[in-house]
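You will see two complexes here that share chain A, one where it goes with chain B and one where it goes with chain C.
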Partner chain A sequence: MRATLRKYRKIRTESGHILWNNPVLTQGLALPFAIAATTSLKNGVVLSAAMLGALVCSALVYRRFGARFEVWMHPILYSSVNLLVLLGFMRIISGWPAVIDSLGIYLPMVASNTLIMHMASGGLKAEGSALVQSLRIWAGFSFAVCFLSALRELLGAGTLWGIPMGVGIPSLSPMLYPFGGFILVGFVAAGLKGLDRLTLRILSRRGKLKREGGVAGE
Partner chain B sequence: MNNLTSFFSVLVTAAIVENVVFARALGTSKLMDRTRETQDVLSTGGALTLMSALATLCNHQVSRIEAVAGMRAHYRALVYLACISVVYMAVCLMLRKFWPGILRRVGGLLSGVAFSGALLGLQIIALNEYSTLFGRLAYAIGGTLGLVVALLMIMFARERLSFSRVPSSFRGLPILLIYIGILSLAIYGLIGHPLAA
Partner chain C sequence: MKLSADYPPHIRSRDTSLSLMFDVVVALLPLYGLAVFFYGPRALMLALISAATCILSDAACSLLMGRGLLLRDLSPVVTGMIIPLLLPASISYTVVIIAALFSSLVIKQPFGGVGQNIFNPAAGGVAFVTLCWPVDVFSYPTPLNTLPMTSSPEVVLERSVSYTLHLGGRPTSDYLDLLLGNVPGPMGATHILVMLACLFYLWVRRGAKINMTGSFIAGAAAWALLFPRGSLSPFESLCYELMSGSLLFAAIFLISDPVTSPKRPIARTLYGAAGGLLCMAFRSLGDMEESVIFGILVMNTFVWLLDTRVESLYHRYRRERTHESDPTQIPQD
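And then the complex of A and B:
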């Protein structure tokens, strides 16, 4: 059982940015996207793709030019690079005007947000590849945004990727408003925390019982 | 008198009815984390108001250029971001030249404020919804005031929640988000209709 607990702790550390140390749900970074912009799965996927470009380019620029500029100039450097990335990205998705309109002010905000500024202010560890670290942060962001957007679309509109999911799903249209987003993100964050604690408690208790049983048996 | 009335009307709309935190979730990330004491909230608010006013002046001039005015809204937003970068650079260069000590002390705060979603979001909405400099300035300043009020409310709520008996899974960020959600629901009731993104 100790081995299982150790294995769980290892998985917990390795998948840190996706679940237990998620940049959005645990650290509270890039919350406006998760709360206000995740009203449909399409929005979530587009945001996630835009953030991939922004984070990877920021990480590459950070490693290549970070040391050459004073700290106060870093945000300008990243936002300028991301501005170009986003310009290209908007050209690519220009065939999806409905999604662009639905994202509204949140799409341009990908160029300058707390995830980027977190990296700019030393969020990347000195050891390890900047690219891998930025991809981990992106994976966590994508998981949170796509999961929330799918859940909100399903609960709020009864559809998934615009396809009706049939009867039986209760219509909770308030889920599509920012207040619904706040409350849902709060519950999902609490759920993740609770699940982690419960798993750790169960594994620890089982290990303890087994040890006690072993001692009694002897 | 008429101008003054419309200025205050836009200011109140931006500060209360269309509060950036409760109605658009802007400024909920790092900005919220940065504000654990009243002094932090007020200094953040001061820096944000200054940057917001300067960025509005700059963006207003830029938005009058024909090529920019003819752009689609989402491309125009990127131009506004470039303007914010220019304003931030100008402020930092001025501080470095005349008051280097202040730049060292408030450099982090300035960059956090200038490149926050709240400032960019406010600029985009102000410049898209209002056509006069007066209206845009009123919206930008009103929005900032609304943000400061919201941050103060969140700060006091955080204090009170830390003394409350909350289930362990909900402690910290989750309960704070649910609290903001309930406040946001009240604001939604006040507006009575969905906001444009």
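And then the complex of A and C:
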């Protein structure tokens, strides 16, 4: 049982940025996107793709020019480069005017959001390759944003990717408002934490019981 | 000196939290009696479903958080009884269940349960379903028509006096009908005379803080007199505004909720007056015909601020007085 607990803890550490140390749900970074912009799965996927471009670009800029500039200049550098990347990205998705309209200010804001600022202010220096770290952070962001988008679209409009699901649940339109986003982010974050605690408690208790049984048996 | 912090409601008399809630339940019963008289036994069924949902969701949350069943008061019953009274008698059972679930699972339990909620649970639940289904929530059956137990499309629905006021029109209902509750509206919030009797009962039993309720009504009355809607005279505006919608019900049962209201009397008076003005501002300037509950929820967020500000002023005043009476004594606050 100890091995299982160790294995779980290892998985927990390795999948850090996706679940247990998620940048959005646990660290509270890039919250405006999760709360205001995740009103449909399409929005979530587009935000996720935009963030991929911005984070990979930031990592490459860090790798190429990171040492040449002072740390205080990094946010300006990253934001400026990301803005150019996002202009190109917006040109690519110009065939989806409804999504661009729906995201509004939040799409250009990807260039200078708190995730980028976190990386610019030393978040990439911790360990390992900058690119791998930014991909991990992106995976965490994408998971949170896509999950919340899907949930909000399903609850608020009864559709998924614009397709009516007809699951028979009443349409709760306030879930598409920012306060609905706040409530869902809170519940999903609490749910993740609760699940983690429950798993740890069950594994620890089983291990303890087994040890006690072993001692009694001896 | 050892100070022990405790959760609200802070009760200074011999009453307990249970007796306080019991008084509110007793005060709500006549309103249910009238709802049954005007709309039939469906009103009672709505109350039973709502109260049962609140009790079960509260119990489920308590068990989930490992606290065991907390039955120290009747707060889920009170919440469950208030919710249907703010809705039309023709409302679907699903809507009432969702309002009750929202009030318990989102408004009350995540903050720590009884005594620790920031917002009034019933107001939160009703606000949520109002945003979800505004057409259903603002369409009322004609009084003195017994409604079928199941939702039926054959029931004739009307708009309320608040709707006419919202459009800038002049309501046709006379004042006597408004006083007796013989007008379309939320099933428990139109009976003005009975609600005033309930207020008197709660005041005698110390369940209602009269300064809070009074200042709330005074604030709303001041707005109605100063800014009459449409072609109404100030007097007509005063009568129609105070006797329509759920304003008086909110003044008696929502604004004076001991958990979500300030502690000091001066803070309560300020809170009530600001609440009355805000609710009327929402009514006059908002998109919805009836937005008193949103005003209550906004005011709930100011309770902490009012408490801290008034408390600090009170302590400063006490320090100064102590210093004036005995300059050698070092004030200890």
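Going forward, the second predicted complex is superposed on the first by the 215 of 218 C-alpha atoms of A that agree within 3 Å, B and C clash if a C-alpha of one lies under 4 Å from a C-alpha of the other, contacts with A are read in each partner's own complex, and residues count from 1 in each chain.
FYI, a contact is a pair of C-beta atoms (placed from the backbone, for glycine too) under 8 Å apart; a residue touches a chain by one contact, two chains touch by 3 or more.
Note that the structure is predicted; figures quoted are calculated from it, not measured.
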Quiz prompt | Touching partner for A:Ala190 - first (chain B), second (chain C), both, neither | solution = both
Quiz prompt | Partner chain(s) touched by A:Leu83 [first = chain B, second = chain C, both, neither] | solution = first
Practice problem: Quick one: classify A:Leu172 as touching chain B (first), chain C (second), both or neither. | Solution: second
Quiz item: So, does A:Ala130 touch the first partner chain B, the second partner chain C, both, or neither?
Solution: neither
Practice problem: Check the residue A:Met51 against both partner chains and state whether it touches chain B (first), chain C (second), both, or neither. | Solution: neither
Quiz item: If you stack the two complexes on chain A, which partner ends up touching A:Ile100: first (chain B), second (chain C), both, or neither?
Solution: first
Quiz item: Is chain A touched at more residues by chain B or by chain C?
Solution: B
Exercise. Report for A:Ala157: first if it touches chain B alone, second if chain C alone, otherwise both or neither.
Key: neither
Quiz item: Is A:Ala111 contacted by the first partner chain B, the second partner chain C, both or neither?
Solution: first
Exercise. State which residues of chain A lie in both footprints, the one left by chain B and the one left by chain C.
Key: 177, 183, 186-187, 190
Quiz prompt | chain A - residues contacting chain B, complex | solution = 26, 28-32, 35-37, 71-76, 79-80, 83, 86-87, 90, 100-109, 111-114, 116-118, 120-121, 177-183, 185-187, 189-191, 193-194, 197
Quiz item: Quick one: in the complex, what on chain C touches chain A?
Solution: 94, 98, 106, 110, 128, 131-132
Quiz item: Residues of chain A touching chain C in their complex?
Solution: 170-174, 177, 183, 186-187, 190
Quiz prompt | In the complex with chain A, residue positions of chain B that touch it | solution = 22-30, 32-33, 74-75, 77-78, 80-82, 84-85, 88-89, 92, 96, 103, 107-108, 110-112, 114-117, 120-121, 124-125, 167-170, 173-178, 180-182, 184-185, 187-188, 194, 196-197
